[in-house]
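Heads up, there are several structures right after this.
Across the two complexes that follow, subunit A remains constant while its partner is subunit B and subsequently subunit C.
Here is the complex of A and B:
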C-alpha cells in the first residue's frame, strides 16, 4: 500500500508548478474575436464541395464537381468568366470573394446521410470551410443542411428536388436554387393532359426516401386534379438495381401510365426494365401505354439510351437553351471538359456564384449577413430567366422546363428536347402550402456559430 | 491499483494518457503547413476514434474471448443511436438519459437476438446474426419509415426538429446535445505558435467513457467469468462434458458486447444528433470485425488501435484528391509529375479502400496477431539488440 506524506513545502511547490503549467497556454492563445464560424482571416477563403463520388448518383456528383471547379476558376478571374458576364448583379470582379482567393476542399457523401455529415463536419472543423455546398440526394441535402444550421455555416444545396428541403425541413442557413417536386408536378400535369387525355390510370413506382415520397405526392395531386386516377404506388429501395419484380405487377393492374419517381441510376434501371417488359408496345383500356419520368436529366437520358425516346419529364435547365447565360456557361464548360454540362452542374455552378455575390453585396462572410443578402434577391442572366430567392423558405422561383426524349438525336448529348417552358407564376405556391410543412414550417433563426 | 495487476495498470495508464492528450498527439503538424493534411486532431475524427474504439472493445469481449464471430453487431450500434435521438426528440437534449436508454435498448435487443442466434455456433451463428442485422437494417431503412408511421425517417436519418416535443428542454440550454448545460460542440482552440489544438467537450466525454469501459473490459478479461469464456473458445464440448453449461456465459458475453455497441451508438448520436440507417448495414458490421482483427483479436488494446487505424484511413486518405497530389509532386518535371499522380491516384481519395485492403492483407499474412503483435515484435527486437541469439525466444500468446 502506498504511504503518502504531504509537507507544506511540497504542496506549495506542486501547487505553484501546476498553476504555472495551467496558465502557460494562455500566453500563447491568440485572442481572436471571431464573430462567426471559420471567419477567413488570411488571403484565402475555403469552400466545401460535398458531392457523391460513389453510389447511385456518382455520375451527377462527378459533373457537379466539374462545375464547382469551373466556378472557382471564374471567381478567381481565370478562364473566360462564364456566367459572371451575363449575371445581372455586377459585384463580382474576378478577384476571388471580397479580395480573398477562393480555395476548395472536396468530400464524398457516398449518398449516405451519415457519411455526408461526417465529411461536411471534417470540412468545417478541419479545413475551415465557411460554406458547404453539394449533395445529389435530398436525404443527404437535408441531413447536411441541418448540420450547417447547427454549426453556423451557409449551406447552398446542389441537386435536391424534394419538397422537404425548403418545406418542412427548411433551415435559415440553407438555400436551394434547384426546383422541387411540386414544381415538377405543376409544370408537367397540364402537358400530360394535353397529350395523353384526362382519363388515365397511373401506376407509380417511387424511390423510398424523402424525395420519392414528396415527388410522388406532388405529381399524383397535380394529375388527379386534372382527372387522372392513381391506381397504386409502390415504394422501391434506393439501393435497388433490378426493378423487374416491381414492373411485372404493373401489367395486370389495369393502369395505362407508369410514373417512375426515380432518379439517376435508379431511373436508368427501372426504365430499361420497363421497356424490356414491352410496356411501351402495350395497349391498355384502348390507349397506348405511356411512361412518365417526372424528374429528368441528360445524364439519365444518356444512361437509358434509346429507351427515353418520346418519354416526358421536367428539368431545371438544359444546355440547349438559347439565352445569353446558358450559352456562356455551356461554352466555358465545353471548352474545359469537352462536353455540355448537366442540370446538376448548372445548379451547382449557379449556387456558388450566388453565394459569392451575396457575400460581396453583404461585405461580409458572416452567415447572417449572407442570409440577409440572399433573401428576396431577384436576379437574371444565370440561365433560368428572371429568378427570385424567396425570403420565406429560401427557395428559388423560376421557369420550369418540360422535356421529351428526342426521337432522332443528332449527337450523343442532344437527347432531350424542350416541349414547353412553364412560367414561374404557374409553379409558384404559398410558403405555408400543406405539402411544404403547412403553417408549422419555419426557417428558425440564422446561426453565425461560434 | 483498482484491483489490477501491475501490467494492466500500466496499460490502463497508457490508454488514459493517449486519450487525454489526443488533441496534441493527433495534431503533430503546424496548421498552415503542407503536412497539415495528415493531422487528425479535429473534434469529429477524435470522437470517431474513441467511439469506434468502444464499439471494438465490446465486440472483442464476444469475439476475442468466446470465439463467436458476430456479423451483425452494427445493428446494436444503430439501435443505440435511434434510442438516443428519440430521447432528444421527446424529452431533453441532455446526453445522460439518452446514452442510458441507448445501452438499455441495445441490451434488450441483444438478449433476443443472442438467445436465438446462440443456439448455433461457428458459421451458422455468424449467418444468423448477419440475417438479424440485415432485418434490422431493412426495418430502419424502409419498413418503419413511411409517411404514415415514421419511427426511423429512413434514408434521411432520424433527426431533431424545432417543433419536436422536448418536454424538459428549457430556455438557456444549448439547442444541441449537452451535459447539464455544457454543449457537446463547445471547443476550446489553443494556438501555440503555428500549431493549433482543439479541446472538444464531446470528445472528452467520449474519452472518459472509453477509459471506464476499457477498465471494465480489463476486469472482465481477468475475471473467472472471462476464464469461462476462454474455455468456451478453446473447447466447448469438453466444457459441457465437465458439467458446465456454456450457453448462459455466451449469452452474457453477447449481451455485454451488444451493450457496448449500444453505448457507442448512443455516444455517436450525442456527438451529432442524427441516426442514419446505414450505420446498421452489414458493411458496418464487417468494419468492426476488420478493426478487431487488424488490431489484434483477444488483446485488450488491439481493437482500439484497429479502430483508430481504419477511421484514420477513412477520413484522411479519402480526402487526398488529385490537386493535392499535383501539389506534392510539383517539384518533379511535368511528365514525371503526371506519371506519379497517375500511379498514386488509385490508392488515395475514393480509392482508400484499396490501400486499406492491401494493408489488411499484409497484416493478416505477416502479423496474424494484428498490430499488437507488430508492436510486441518491435519491442522484443529493441530489447534483444546486441544480446546473444540463443535467448530461446518463446512466443507468448497475444494478450
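Here is the complex of A and C:
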C-alpha cells in the first residue's frame, strides 16, 4: 500500500516559496516592461557613487565624493558648469541627463572587494542605480567591474592603476579613464634615464597585490629596456606598516635606485623609512642613490611631507595644469571646497561627465548603447588634452604627467611639480599586449541586464 | 654580517614598541584582570598627542602677500606661526622643530586622564563579567576612539618629523670598524623604551605603592582585608599603563607617520607578545616583545621570504604556537593566572 506525502497545503506552500525565491534576484533577471536594468522611467536618474568612506583611503574617497557632487551639480545646471564649458562634446546642456534630473546614492567600499561588491549590489538592487562609479583600489575596481557586468549596468572606474583592470580583467560594461602601470613606466623611464643615466641598478619594493605586481612588471620592463638592471624585487604585505626590515637589505644590495611600488599609507611609510635610513645621502657605484615613486598623488605627497622633495613619479592629472579644462575644474572645485582637487577627484568628475555625455549621444541609458557611444570616442577639454576611449579595451589614452616632489613648496597644496607631459603616443600599447592579458583578453559581450 | 646586525637593530626597535604596549596590557591584566583591547588605541592617541602639539605650535596668523597668488589666482595668504612672532623666527622655529619631545609633557597627563576616565567610566562595570564581554566592550571602545581621531585628523598619515638634530643616520658600528648606518631617532626610541621599561619596574619594585600593587596582583583579597584601598591603586595603575602606551606612541610618531589605524596594527601582535611572554608576567612581556620583534625582522629579509614565502606574515604566530605547545603558560607565565 502506498502513501502519498503531498497535500494541497504543502504544494501551495512549496509553490509560494519557490516563486518568491525565483523572483528575488531581480538584478540578474528581467524586469517586466524594461529593456535593461534600472531603466529610469520617472523624471530622475540615479547614479551610484561607490567610494571608500572608511578605511585607509577614506580621504581619497571623500575627495572623489566631492567631485561627484560637483559633477551632479553641473549636470543639473547648477554652479558655474565647470568642465562642461570646456568639454569638446557639447551635448550636455545642464538639464540633467536626457532631461532627467541627476540624483545619486553613495556606498562605502571600505577598500575591500567584498564590501565594495555588497554596496554596489545594494545601490543597483535597492536604489535603482543605472551606473556605478568610484573606488581607490584596483582590487576593488576589478571586483565591482565584474559585478556590474553581471548585473547589466555600466561601471565607470575611479582610481585604479593596475594593468589588469583594462587588461586580463577587462569587461564590456567597464570603462577606465585613469592611466595604468604600463603608462607610468613608459612615461617615467625615459625621464629617469635622462636624469640618472642608463647604467643603474634598481631594487623594487612592491605591494603584494594586483596593482603592485603589474606596476612592478611595467616599471621593470620599461627601465630595463633603457639599460637599467633590476637587482631585486621584494613583495611586501599590504598590511605592512614598518618597512625598516625591507629597507635595510637595500643598503648592501649594490642597488643605486629604490623603486617603491607602493600607494597610500604603504608609500608614505616606506618612503619615510627609506629617507630615515639615509638612502638619499648614500653614494653607491659612484652615483647618488635615488628613490622613485612611480604612482604619485597629492594626498600621498602631503602624508609623506618633506620626504618627497626631488623624488620623481607619475600622475594622471595635477591641479597646476594650465589648460582651460583643468583651470575650469580647479576653479569650480576650489571655490566650492577651499582647496584644489586631487587626481582621484579629477578622474571621477570626468568619468561622470563622460557617462552623461555618452548617454546623451546614444539617446538611451541602455548599457549597450552607452558602450557603443563610448567606444572609440575622442574628446578634449577635460584636463588631459586629446583623449581616446579605445574600443578594444575601454582604456583612455591620453598624455601622462611625470612629476617631481617640489623643493620649495609655496603652500600646503604645492607639493608636486610637473617635469614632463608625456604624449599619449608614447604610452600607447597594443590591445593584445602581453602585460594586458595577451591575445586571450577579451571584453566579452556587453550586458543590458534584462 | 652588516645586514644581520641591522636586522637585529630593526628587531630591537620594533620590539621596543611591542614591549611597551605589552607591558601596559600586562599591567592592566595583572592588576584588574581585564583584557584591554583598547590598548592599541591608547598607543595611537599617544602618537596623535605629538600631532596635536605640532599643530598647536603651528597655529598661524595670515598676512596677504600681493606678490604671490594661491591656486585660484587670489593673493596668497602667507602663514606665520604665532610661536615665531612671539619668540622670534629662530627660537620659534626651534620650538616647532622639537614638538615631538615637547609632546611628552602633554602626553603623560592626557593619557593618565584618559586612562582614569576609561577605567572609572566604563571598564570597572565589566570587572565581574566574562572575558569575552571585556574584550567586546574594549574592542568597541577602540573603534570609537579611532573613528574620533579619524573625524578630526582624517584618514591619511600625518608626517611628524623628529627634531632636525636627531634626523639622519649614525654609524653604530664605528666602534668595531663596521659600516652600520642606523637612523638616530630609532636609536633614541630604543633607549627611550628601555628607560620607560626600567622606570616601570623600578616603580613597582622600589616604592611602597609598587609593593602594594605587586601584593595586590598576587592576592587582591588579602591586601584588601588589610584595610588597603587596592581598587584605587589599581585604577592608578590603569592610568600608568595608559601613559606607558601613550609614551610609546608619541615617540613612535616620527618613525612612521601616525594614522588613525596604527593602534589596531600593533594590538594583535602585542596580544601575541603578552601570551608568549606569559599572561600577567611583566618581564615575560618585555622579553617576548623584543624576541618577537627580532624574529619578525629576520623573517622579512629577502633570504627568509625567498626560502619560505610568506614567512614574514606568519612567523610571530608560528612561534606563539610552538611556545604555547612547549610552555603552555608562556615563557615566564605563572601558575594560576587565567586558569580555573
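Everything below uses one rule, namely that the second predicted complex is superposed on the first by the 418 of 450 C-alpha atoms of A that agree within 3 Å, B and C clash if a C-alpha of one lies under 4 Å from a C-alpha of the other, contacts with A are read in each partner's own complex, and residues count from 1 in each chain.
In this section, contacts are C-beta pairs under 8 Å (C-beta built on N, C-alpha and C of every residue); 3 or more make two chains touch, one makes a residue touch a chain.
Remember, it's a predicted structure, so these values are computed and weren't measured experimentally.
Superposition of the two complexes onto subunit A shows subunit B and subunit C fitting side by side, with no clash.
Within the superposed three-chain model, A:331 lies in touch with subunit C and out of touch with subunit B [touch as defined at top]. In the superposed model, A:105 makes contact with subunit B only, not with subunit C. Of the two partner chains placed around the shared chain by superposition, subunit B is the only one that A:125 touches, whereas subunit C remains out of contact. Legend: residue contacts after superposition of the two complexes on their common chain; A:235 is shown touching both subunit B and subunit C.
When the two structures are aligned on the shared chain, A:245 is found in touch with subunit C, with no touch to subunit B. By the touch criterion defined above, A:356 lies against neither subunit B nor subunit C after alignment on the C-alpha atoms of chain A.
Touch criterion not met for A:402: it reaches neither subunit B nor subunit C.
Figure note: vertex subunit A, arms to subunit B and subunit C, all at CA centres after fitting on chain A; angle 60 degrees, rounded to a multiple of 10. Between subunit B and subunit C, the shortest distance over C-alpha atoms in the superposed arrangement works out to 5 Å.
Touched by subunit B in one complex and by subunit C in the other are residues 235, 237 of subunit A. Listed in rising order, the residues of subunit A touching subunit B in the complex are 25, 28-30, 53-54, 105-108, 112-115, 117-118, 121-122, 125-126, 137-139, 142-143, 146-147, 150-151, 164, 168-169, 208-210, 213, 217, 235, 237-238, 440, 442, 444, 450. On the subunit C side of its complex with subunit A, the touching residues are 2-3, 6-7, 10, 13-14, 68, 70-72, 76, 150, 154-159, 161, 167-169, 181-183, 185-186, 255-257, 259, 261-262, 265, 296-298, 300-302, 305, 312-313.
Partner subunit A is touched in their complex by these residues of subunit B: 39, 42-45, 48, 141-142, 146-147, 154-157, 159, 161-163, 175-176, 185, 187, 190-193, 198, 272, 274, 276, 278-279, 315, 318-319, 321, 349-350. Residue ranges of subunit A in contact with subunit C, taken from their complex: 55-59, 232, 234-235, 237, 239, 241-242, 244-246, 248-249, 251-252, 265, 268-269, 272-273, 276-278, 281, 299-300, 302-307, 319-320, 330-331, 334-335, 339-340, 410-411, 413-414.
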